[in-house]
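These notes open a run of structures that come right after.
Heads up, the next two complexes both have chain A, just with different partners, chain B and then chain C.
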Partner chain A sequence: MFQAIVSASTLRDALDSVSVLVDECKIRLNEDELAIRAVDPANVGMVDLTLDAAAFESYEADGGVIGVNLSRLEDIAGMANTGDLVHLELDEETRKLHIQIEGLSYTLALIDPDSIRQEPDIPDLDLPATIVVEGTHLDRGIKAADMVSDHIGLRVDEADETFHIEAEGDTDDVDLELGRDDLIDLSAGPADSLFSLDYLKDMNKAIPSDAEVTVELGEEFPVKLHYEFGEGMGHVTYMLAPRIQSD
Partner chain B sequence: MGNAALRQLAALSEVSFDDLDGRVVAVDAHNWLYRYLTTTVKWTRDGVYTTSEGEEVANLVGIVQGLPKFFEHDLVPVFVFDGGVTELKDDEVAERREQREKAEEMLADAQERGDHIEAARLEARTQRLTSVIQETSRELLDLLDVPYVEAPAEGEAQAAYMARRGDADYVGSEDYDTLLFGAPLTLRQLTSSGNPELMSLDETLDEHDLTYEQLVDVGILCGTDFNPGVDGIGPKTALKLVREHGDLFGVLEARGEHVEFADRIRELFLDPPVTDEYEFDTDVDPDISAARSYVIEEWEVDADEVERGFERIDDALSQTGLDRWT
Partner chain C sequence: MRLDDYIEFEANERAERRRLAMEKSYAIVDHLESFQHRFDERVQGDSLFGSVSPSIFVGRANYPNVSTGILSPVGFESDAASFETSGAWYDEGVGIEDVFRRRTSLLNSNQPADVKVGADTNVHDAWDGFLGVQREVAIADRPVSVEIGLDGAPEIDFDVGRDDVATPTGPRARAQSADLAENPHVPRPVKKTLEDDDWQAQGAMTYLYRRGFDVYDINSVLSAGALGESASRRLVPTRWSITAVDDTVGQYLRGTVRDAPSVDSVQVWRNEYLGNAFWVILAPGQWEYELVEMKAPGSIWNPDPESGMWLSSDREGFEGRTQYVDETAGAYYAARLGVLEHLSNIGRQAKVLVVRHVSDDYWGPVGVWQVRESVRHAFEGEHGESETFADAVREVSNLLPVSMADLRRKSAMVAGLQTNLTDFGVGSSDDD
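On to the complex of A and B.
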C-alpha cells in the first residue's frame, strides 16, 4: 500500500539527486520515509536519499519496494508547476503507479525491482576533515575547475585552516580558496583528494543553490557530500570515489 | 577460424559488461589481435598502419584502441600468446599460407586495376602475425603493465586450462573451439561495441545431454582447426550419431568413415600441451608516457590514431571504485 501527496518541487529535487547517477532505481516505501540508494554502473558515485513522511502533505506506506524509470518519472513531475501538488498511488494489482497533477492523470508502468542493480553497501568511511560550505561556493569552484581540467582537487590546508577547490589543466590552473570566514564550519584534518569533474558536476547540478553542503574529506579517500532539501526533511548523501593522483 | 558449426550447439547468452566488474579474462592473444589487424586496416590506407620502413603497426593501434574497453569495465585481461604451432595444424597453416599468397596476388591485381574497395578487403585477409608484430605487441603490453602468458602450443588451450584452474574467470576468444578445449566460460565479442556474449560449457553439455568427451567428438565430426570434418555430417547429425554410438570411434565404425589422426586430435583437445609455469599480476600500473612514445615516436604511429585510447586507459585506471571501501 502506498498513497502520498507531495509538492512538485520536493519530488523533483528528490528525483534529480538520483537521476544524475542512474536511469532506474528502487524506491523503498517505508512506513516513516521514502528511501533510495543507488550507485552508478561504474561504481564511482553513490547516492543515499531519504525523504521523511513529514515532507509530504500526506503519506501512507507499509514497506513495499517499487522499481522506476527515473527519466519517465521526472518528465511527469516536470508537467507540474512549482506550487502544484502531486498525488501518487500504487496499484498493487497491476503494479502501476497512478500519478495525478491538477487534473492530469498518468499511469506509470513500474519496473520489476529484481531487474534493477542491487542497492550498494555504503562504504565504511571515517573521514578526518569536515567542511560545511554554501552551495553557491561549491558551484563556483566547480565551474572554475571545469574551465581548465576534467579533474578537480578538494584539499584542506590544516595550517591556514582553508578549504581549496582546485584544478590543474595542461596550461592553466585554478584555485578557489575558502577561509573560515567564507565557510559555515570547518573541522580541519589531513585531506587532499582528486575527483572526476564529470561526476561532481552532475552531483552539483542536483544540489539546490541555497543548500548548505557538508563535505567530508580524506587523503585519496571517497568524498561524502551531504545536503538537505524539502525544508530539511529530505536528506541526500553523495559518495564519490577518488582518482589516484599520478606522479 | 575455428568451428562455426559449434555455434548451433553452444549455450550462448548476452552478459552485461557491468557484471564483469573485477573479473579476469584469459584472452587468446592471436585471436584478439587478428580482429584488430583485419578490421583496423579495412577500408583505410595502408600507409597509416606501416612505418616508413614498411613494418606493420596496426597491432599497436589495435592494442591501444582495444584495451580501454577492458579497463573501463574493470575487467582484467591476461593475454595468452600461442607457442609453437602444433604439428597437426601444419596442414592448415600451410593452407592458410597458400590462401594468403593467393589473396596477395589478387590484392596486387586489384591495386593495379585501381579497385580500392576490393584491395582493402583483400588486404584484411592477407594480415598475419609477423615476428615484428609478435615482438612489438609484447613490448607494448609490457609498458602498459598488462599481463600475458606464453602458451607451450595453442593459446586457446592454455587459456582454457587457466580458466579451469580458476586463475581466470573467463576465456576471451571469438572461437567456438574454446568449448572443445574445456573452457568453462568464454566471453565472445570483446572487440565489438555492444555487450559480450557468454558461452557456457556446462550449459552446452546439459542442453544436449552430452559428456565433455562426447562434445569433443561431435566437434571433430563437424571439423576443427585440426581436421576438415566428415562429409555430410553437420552439428545436428553429429550430435545424434554420438548419442547413438557413444563416441567418435563408434560413429566412425558404424558409418564406415575415417578421420585421420582421430586419436591424436582428440588428445589435443582433451589433454593439450599446457603449462603450470605462469604467473601474472592483475594489478595494472601502466607507464602511459613510455607507451605513448614507444608507439608514436619509435613506431611512427600517427598520434591521432592512439591519443584517445591512451587517454581512456589512463582515465579508467586512475579512477577508483567505491567497492574498494566496502
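On to the complex of A and C.
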C-alpha cells in the first residue's frame, strides 16, 4: 500500500539527485520514509537518499519496493508547476503508479525491482577530514575546474586550515582556496584526492545552491558529500570513488 | 657531442628530412605524369575504358550533395586487389611512398549524387546506372571488371591533404556511365545485410564483423549505402564511414569484455610503423581508455619545425563516450578497435593508455588504417611488465619527447586511474 501527496519541487529535487547516476532505481516505501540507494553502472558513484514522511503533505506506506524508470518519472514531475502538489498512489493489482497533478492523470508502468541492479551497502569509511561548505562555493570551484580539466582535486591544507578545489589543465591551473571564514565548518585532517569531473559535475547539478554540503575526505579515498533538501526532511549522501596515482 | 652542437646537428637533420620529403612529393608528381601516359593508352574512342575496380570512394565535400566514385588502377588491372586499402598493406610493409603511389594510381571516376539519391528513390532502390555499379563494386569481395564512360579527360591535381583518416586520393574524372563487365561475386552475409532493409546499420555492421569481415570490407558496404534500415540508407562519405565502423565494432567488442575479468599485470606493448610509434599500456581494473598523441615538429600536422611537440588526447570511462572525440579524431577509434580486439581475444578487460608518437619521418598522411594496424600488431611478440601503472608510464615517458609533468597535464589516466567503489569495500554483490 502506498499513497502520498508531495510538493512538485520536493519530488523533483529527490529524483534529480538519483537520476544523475542511474536511469532506473528501486524506491523503498518504508513506513516512515521513502528511500533510494543506487550505484552507477561503472560502480564509481553512489547515492543514498531518504525523504522523511514529514516532507510529504500526506504519506502512507507499508514497506513495499517499486522499480521505476527515473527519466519517465522526472518527465511527469516536470509537468507540474513549482507550487503544485503531486498525488502518488500505487495500484498493487496492476503494479502501476497512478500520478495526479492538477487534473492531469498519468499511469506509470513500473519495472520489476528484481531486474534492477542491487542496492549497494555503504561501507564505514573512516575519512579524516570534514569540510562543511556552501553549495555555491562548491559550484564555483567545480565550474572553474571544468574550464581547464576533466578531473578535479579536493585537498585540505592542515597547517593553513584551508580547503582547496584544484585543477591542472594542459596549460592552465585553477585553485579555489576556502579558509575557515569562507567555510561553515572545517575539521582538518590529511586529505587529498582526485576525482572525475564528469561525475562531480553531475552530482553538483543536483545540489541546491543554498544547501550546506558536508564533504568527508581522505587521501586517495572516496569522497562523501551530504546535503539536505525539502526543508531539511530530505537527505542525500553521495559517494564517489577517486582517480588514483598508483605509486 | 656537446649539447649546443647536438642541437644544431639535430636541426640540420630536420632540414634534410624536409628536403627529402619534398623530393618524395616530386616523385609522386612524376608518377602522376606516368599515369597520364598509361591512361591515354587505355582510353578507347569516346573516353570509354575498361578496368578492374577494387573499391569506391564517397567524398564529403558539399555533403549531402557529394561526389561518389568508382576507383580503378588504370594500367595495373592484374594487380587490382593490392590497390585497395586493407590490413594486408601492413603485412606487406608498404611505405608512405608506396601508399601514395597506390592511391594516386587509382582513377576516381565519379558522379555527383545526393546521399539519399532522390526525393522518391533512396539508395536502397537505386539499382540501375552508375550508383548500382558502384554498389556492386563495394559489396563484391574481389575486384570487379567495369566499363566506364568518361565525360572528358581526368583532372590530375595532386594535393596532399592533412586528413588523418582517409587515404590520399589520385586523379579524378567525371563519369557519364558505368557498366559491369562481369557478374560480381558477393559473399552471402553481405547479401543478407543488403537484402534485410529492416535491420539497423549498427547491428548489421556488427553481424558482418562477427562473420569474419574486416572493418575495411564493412566500411565499403556502409559507404555505398548497402546496409541499414531502408529509409535510413544513404551514401556515407568514406572518411565518416571508416570511423563509424571502427566505433560501432569497438562498442560491440567493449560489450564482450564488460563483465570479463581484468588483466592481472601491468603490460607495455610497443609497435612502430611509418614513423609512428605506439606504446600500449594495459593495467588491471575495469575498462578505461585514453589515446594521447604527440606530434613532432616537422611532422605532417605540425609542420613548423620551430614549434614544440603537439599534444592531443581523448578518453572514455567504463561506460564509453557518447560524443565524437575533440582532439584525436579517427585515430581514437582506430586505436581503440585494435586494443579491444586484443582484449576480446584474451577475454579480459583493462585500463588502457595508448601513446602515439608521430615523428617527423611521417611526412605524408597515409590514412587511419596505419593506426589501426599498428595497434593491432602491437600485441605480437614480447611485451614488458612493470609493478605499477605509474612505473610503466614513468619508464615509457623517459623515451618520449615530453616531460612527465606535461604528460600528467594532458592525460587524465596519467594524472590518476579511475577506481571504483568496490575497491573500497562498497558491497554491491551483483555485477550483472
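We adopt the following convention: the second predicted complex is superposed on the first by the 245 of 247 C-alpha atoms of A that agree within 3 Å, B and C clash if a C-alpha of one lies under 4 Å from a C-alpha of the other, contacts with A are read in each partner's own complex, and residues count from 1 in each chain.
Everything that follows uses one rule, which is that a contact is a pair of C-beta atoms (placed from the backbone, for glycine too) under 8 Å apart; a residue touches a chain by one contact, two chains touch by 3 or more.
Predicted model only: the values in this text are computed from it and were never measured.
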Handout entry: Fit-or-clash call for chain B and chain C when the two complexes are aligned on chain A
Key = clash
Exercise for the section: Report for A:105: first if it touches chain B alone, second if chain C alone, otherwise both or neither. Expected result: neither
Practice task
Would you sort A:241 into first (chain B), second (chain C), both or neither based on which partner it touches?
Solution key: both
Exercise for the section: Have a look and say if chain B or chain C is in touch with more residues of chain A. Expected result: C
Handout entry: Partner chain in contact with A:122 - chain B first, chain C second, else both or neither
Key = both
Handout entry: chain B versus chain C as contact partner of A:46, first or second or both or neither
Key = both
Exercise for the section: Would you sort A:168 into first (chain B), second (chain C), both or neither based on which partner it touches? Expected result: second
Exercise for the section: Determine, for the stretches 4-12, 58-66 or 238-246 of chain B, which one clashes with chain C when the structures are superposed. Expected result: 58-66
Problem - Contacts on chain A seen with chain B and repeated with chain C across the two complexes - result: 39, 41-46, 117, 120-123, 125, 150, 196, 221-222, 239, 241-246
Practice task
Show which residues of chain A lie in contact with chain B when the two form their complex.
Solution key: 39, 41-46, 117, 120-125, 150, 196, 221-222, 239, 241-246
Fill in the blank from the handout: The answer for chain B against chain A in the complex is residues 18, 21, 72, 74, 314-315, 317-326
Fill in the blank from the handout: So, in the complex, the side of chain A touching chain C is made of residues 39, 41-46, 117-123, 125, 149-151, 168-171, 194, 196, 198, 221-222, 239, 241-247
Problem - Touch list for chain C against partner chain A, complex - result: 283, 286, 311, 315, 317-319, 388-391, 408-410, 412, 415-431
